[in-house]
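Two complexes are shown next, each including subunit A; its partner changes from subunit B in the first to subunit C in the second.
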Partner chain A sequence: MYPIELRKITKSFKNASGNGELLILDSIDLCPQVGKSTAIIGKSGTGKSTLLQIAGGLDAPTSGSVFCNGTDLGTLSDSKKSLIRNRNMGFVFQNNMLLEDFTALENVMIPAMIAGKGKKECRDRALELLEKLGLTDRLDHLPGQLSGGERQRVAICRALMNSPEIIFADEPTGSLDEENAREVENMLFDIVSSEKKTLLLVTHNIDFANRCDMVYRLSNRKLTLEKG
Partner chain B sequence: MSFRFKAAFRYAFSKIRGQRTAAVMITLGIAAGIIAMIMVSSIMNGLQGAQIDRLRNLESYDIVLENTVLTPGQLEQIAGVDKAFVYGETAVLITDKDSLKSVSVRLRAFSPETLRYKRLAENLTFSDSLDDGGLCLSTHIMSSLRFLRGDSIEVTFLRQGKKAAVVPYTAEINVDSAYVSTLSSFSSSTALMGLDRYVEIMGNKDIYTGIYCSTSVSKTAELIREADPQAVITQWPEYNRTIYSALMLEKAMVYVFLSFIFLIICVNLRNSTGRLIDARRQEGAMLRALGATRKDINVIFMSQGIILCTAGEILGALIGLLAVNNIQNILVLVDAVAGTSIASYRFEAFISAGETCAILAGVLLTATLFTYLGCRRTFRSEIMEVIFNVSD
Partner chain C sequence: MNPFVALWSRKRILRRGRLTGCMVLIALVTAPLVIALIFSGSMMNGIADRFIYLSDGHVQITGAGNSTIPQDNILCMDETVTGYALMYGASDTASVSLKGVKEDYFNSYRLHYMDLEYLPQEERSGLNRIILSETTSHKLNLKAGDRVALMVVPDTEEGVLRPVMLQVGGIYSCGYEQIDSNLAFIDYTHAQKLFSSRDSRVTEIIAKDSSDTAVRSLASSISTDGRVNTWQSKNSSVYSNFVNSRQMIILILLIIVFIASFFTASSANQIIEDDVQEIAVSKLMGASDRMTRQSAFISIYTVTLTGMFIGLAAGILIGLNLSPILNLLSRSDLINLSYYLLDFSSVVPWRDIILVLAVMTCVSALSILISLRHTRRITPMRLFTGL
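This part shows the complex of A and B:
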């Protein structure tokens, strides 16, 4: 069983006029290897993020199935899907999406708090992750008081909080300058490798993608293997 | 504290500028609504309480007859009639000849025999015996116009004229006596005089027959109607009941209007909450991506609404109750600013704990319902419809 497995995924959107449909993904199969990093590259507008969102159960495919450890996500209720997202998946988005009213420490603790874990357990794990990513002096800072790179590192810590099997990262360095981007890349790979997580990454940065074990290219609605 | 309530508290008292402003506006809106409801209810209670007390304490005739052909002696022969008196009643203007200060009073004219009747005598105290030709004023009028017994004052009547319907007529009358009374029908703005002098000045205008009953007022009224079908009969209990019903209707209507005001506040609350939630849609969607269920998100945002509503209610109740306890001071202030004289009518505004709780519970329930409607609409959509990612 794989932490995530996509079978014959098709996704289409209705045209703005309401007549006809725009096909984005056409019968895509994908099965990231356990403990390995997989990158999906492609031009803007090809549907990379949509594919990642479908894989993470954040969006529903038009047809096809997404399996998480053998369970078809399409057959699950909202609460069961939420439980799987909370325990098995971690998300890092381009614009980090931190909760603005919570401190860095609290933002990291949120997935564990949603899971109903005790405060001490949550705090200890969050402190451990924030320390690994060099944020011990930023614990009580609100997101608005952090730099872009620091915010993205907090987002990475949050994605790892419940020790999920798979991390979905959607352009995690897309909004950062080169120096910060390189730092976040290094930290992401270091922590994913030290925690032995499966990483599914979407980027249009070829250098970043090439640091992954496998690289797929999404083009013309199809996925083709480029590396691995 | 569970994550849901921690998040709700954090969102309710957010430090983010736009959010904080919206939350403050919602809280103040609720507080204003609560203050309005508590104050209007209290004032209505006070005014109605005073009016109802007066009606209940009113010691006047059980039945009043106009245009009757029956004499008091004939009326007292009817079963149920305890005593019948002829009296006059009209509004007059009393003027102090020295200071030229005037005051409008109600003049009631009785025969001395009437004032000896036990139900009046027990509640009226005179400083001196009432001379048939003189005037007896309440101690309040005496002190406010600085009259002394024996003073000759000007009393202006409106009586029937030969050419005009009414003409003013001023007579100089001596002040013979002063009185105090616990009866509302002899309030401080009432003057008394002998019936003979009254008839001499006014003729038969504004002359009535008052009847005290020993048994059922309505049955006695029916018997009087049989004896004198042309007489206009007014029964005091019936008259009082009408006023009482009118007061109750007035209170009910005020509540209806208050409910409309509150409905408007609730619609605004729903829109404000909707705007608050709209601003949080991305965060809500992100929480769902982190594993929160749709129900969790609804609970967080509904709790946020309830917290703001409760804060507004506490603030509104405190200010409202404080204002109710200082209503006379507020009215004096209003008079000073607006040049009115509403503070001159003294009454005690009050609201019961039950009424206060009912208002607070009603507001909280309505606000919760409208917040739920706002949440339901916002979080019906899928997560990725909300999280906008620009990487593609």
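This part shows the complex of A and C:
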């Protein structure tokens, strides 16, 4: 069983006029290897983010199935999908999506708190992760008081909080300057490999993608293996 | 409670802005409601007490020759003689109800409800005295010590109108013009001479326990050859007016409560709209729809209840200190105020307040829950599509 497995995924959207459909993804199969990093590259607008959202159970495919450890996400209720996202998946997005009223520490603790874990357990794990990413002096800072790179590091810690099997990262360095981007890349790869997680990365940055074990290109609605 | 739900609720409550506004508004609605309840309830109690202590007693026995009255629930009992007269001033006349009372009639229980100033002993003439209300003395332009002519209405068929000259031996005020304008006291022995009918003799009884059931029980336990009435039955129109007014006030307050609760619901809606991003992120992290609803409900409901209790406390505080406002009002020349009592002890009508607040609590909870159904439509995809 794989943490995530996509079978014959097709996604189409209705045209703005309402007549006809726009096909984005056509019969895509994808099965990231456990403990490895997989990148999906492609031009803007090719459907990379849509594919990642479908893989994360956030969006539903028009046809095809997404399996998480053998369970078809399409057959689950919203609350069960939420549970799977909480326990088995971590997300890092370009705009980090931190809760502005929560401190860095609290933001990291959220997934464990949602899972109903005890305060001490949540805090200890969050402190461990924040320490690994060099944020011990930013624990009580609100996201608005952090730099872009720091915010993204907090988002990475949050994604790893419940020790999920797979991390979905959509352009995690897209909004950062080169220096910060490189630092976040390094930290992401270091922590994913030290925690032995599966990484599914979407990026248009070829250098970033090439650091992954496998690289797929999405173009013309199809996925083709470029590396690995 | 899930730790995330608790933390998120706390964050929302502590966040300044809309929720604070909501709390202030609820307090501003609750406080006047409580003040209105205290004011109306206390005034009605005050008016009822004045009817009881100065006009009728809790129970009256009219025209009795022999009566057996159980003593266990009696605070005081006074024999009086009642009749009617037309009083002449220099430029006006007044129709008054005369009540013949003994010296000890004005005991501490009654003096609690009236201000009474006697004419000094040395200024008294040989005339029989009459104690007038401030209202009547103003109307007839009389003061203590003045002489006043009355035309006494006979209380028997054989009797004739009888002119009497009296000296104003004191001025009283009970604060309620509807009683003041109609009631004058004369000496008991003099009244007996003016009104000889057996039906003019009234025994007024003030009960220790003034609850409706205790008063009815006292009335029914009296054995007499006269007529026994309670103050409610004698003043049935006044009493039913009180009951109807109280019900109407509570009804109006409940309508206001419903409107306020819908405001809470609309605030809840607005808060959900403002927090769409946060709700979507929390769902992305795996929070269930139930958790997001629970958290929103706890924060909005906590704020509603806090606002309500602040309003309740402020309302009680102001309601129990209405005297300065009432004094100002009583000094004004507003004609309609004559129908109101402006000098009364404030009493918190807990039963009515609890009823109104309970309805407010339930309706708010229900309307917030209904508003929060919308959270189901907020999915993590809102973060990407903005839909």
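The criterion applied here is as follows: the second predicted complex is superposed on the first by the 228 of 228 C-alpha atoms of A that agree within 3 Å, B and C clash if a C-alpha of one lies under 4 Å from a C-alpha of the other, contacts with A are read in each partner's own complex, and residues count from 1 in each chain.
Here is the rule we use: a residue touches a chain if its C-beta (ideal position, glycine included) is under 8 Å from a C-beta of that chain, and two chains touch if they have at least 3 such contacts.
Keep in mind that what you see is a predicted model, and the values were worked out from it rather than measured.
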Touched partner set for A:Gln94, first subunit B, second subunit C, both or neither: first
First, second, both or neither for A:Gly174, with subunit B first and subunit C second: first
Contacts of A:Leu139 with subunit B and subunit C, given as first, second, both or neither: neither
Partner chain(s) touched by A:Gly45 [first = subunit B, second = subunit C, both, neither]: first
First (subunit B), second (subunit C), both or neither touched by A:Val202: first
Common interface positions of subunit A, toward subunit B and toward subunit C: 49, 53, 58-59, 78-79, 82-83, 85-87, 91, 93, 97, 99-102, 110-111, 113-116, 158
Of all residues in subunit A, those that touch subunit B in their complex: 44-50, 53, 56, 58-60, 78-79, 82-83, 85-87, 91, 93-95, 97, 99-102, 110-111, 113-116, 142, 158, 162, 170-171, 174, 202-204
In the complex with subunit A, residue positions of subunit C that touch it: 2-4, 7, 11-12, 15, 278, 281-291, 379-381, 383-384
Parts of subunit B lying in touch with subunit A, wherever the complex brings them together: 2-3, 6-7, 10-11, 14-16, 19, 282-283, 286-296, 382-384, 387, 389-392
Subunit A residues touching subunit C - in the complex, by the definition given at the top: 49, 53, 58-59, 78-79, 82-87, 91, 93, 97-102, 106, 110-111, 113-119, 122, 158
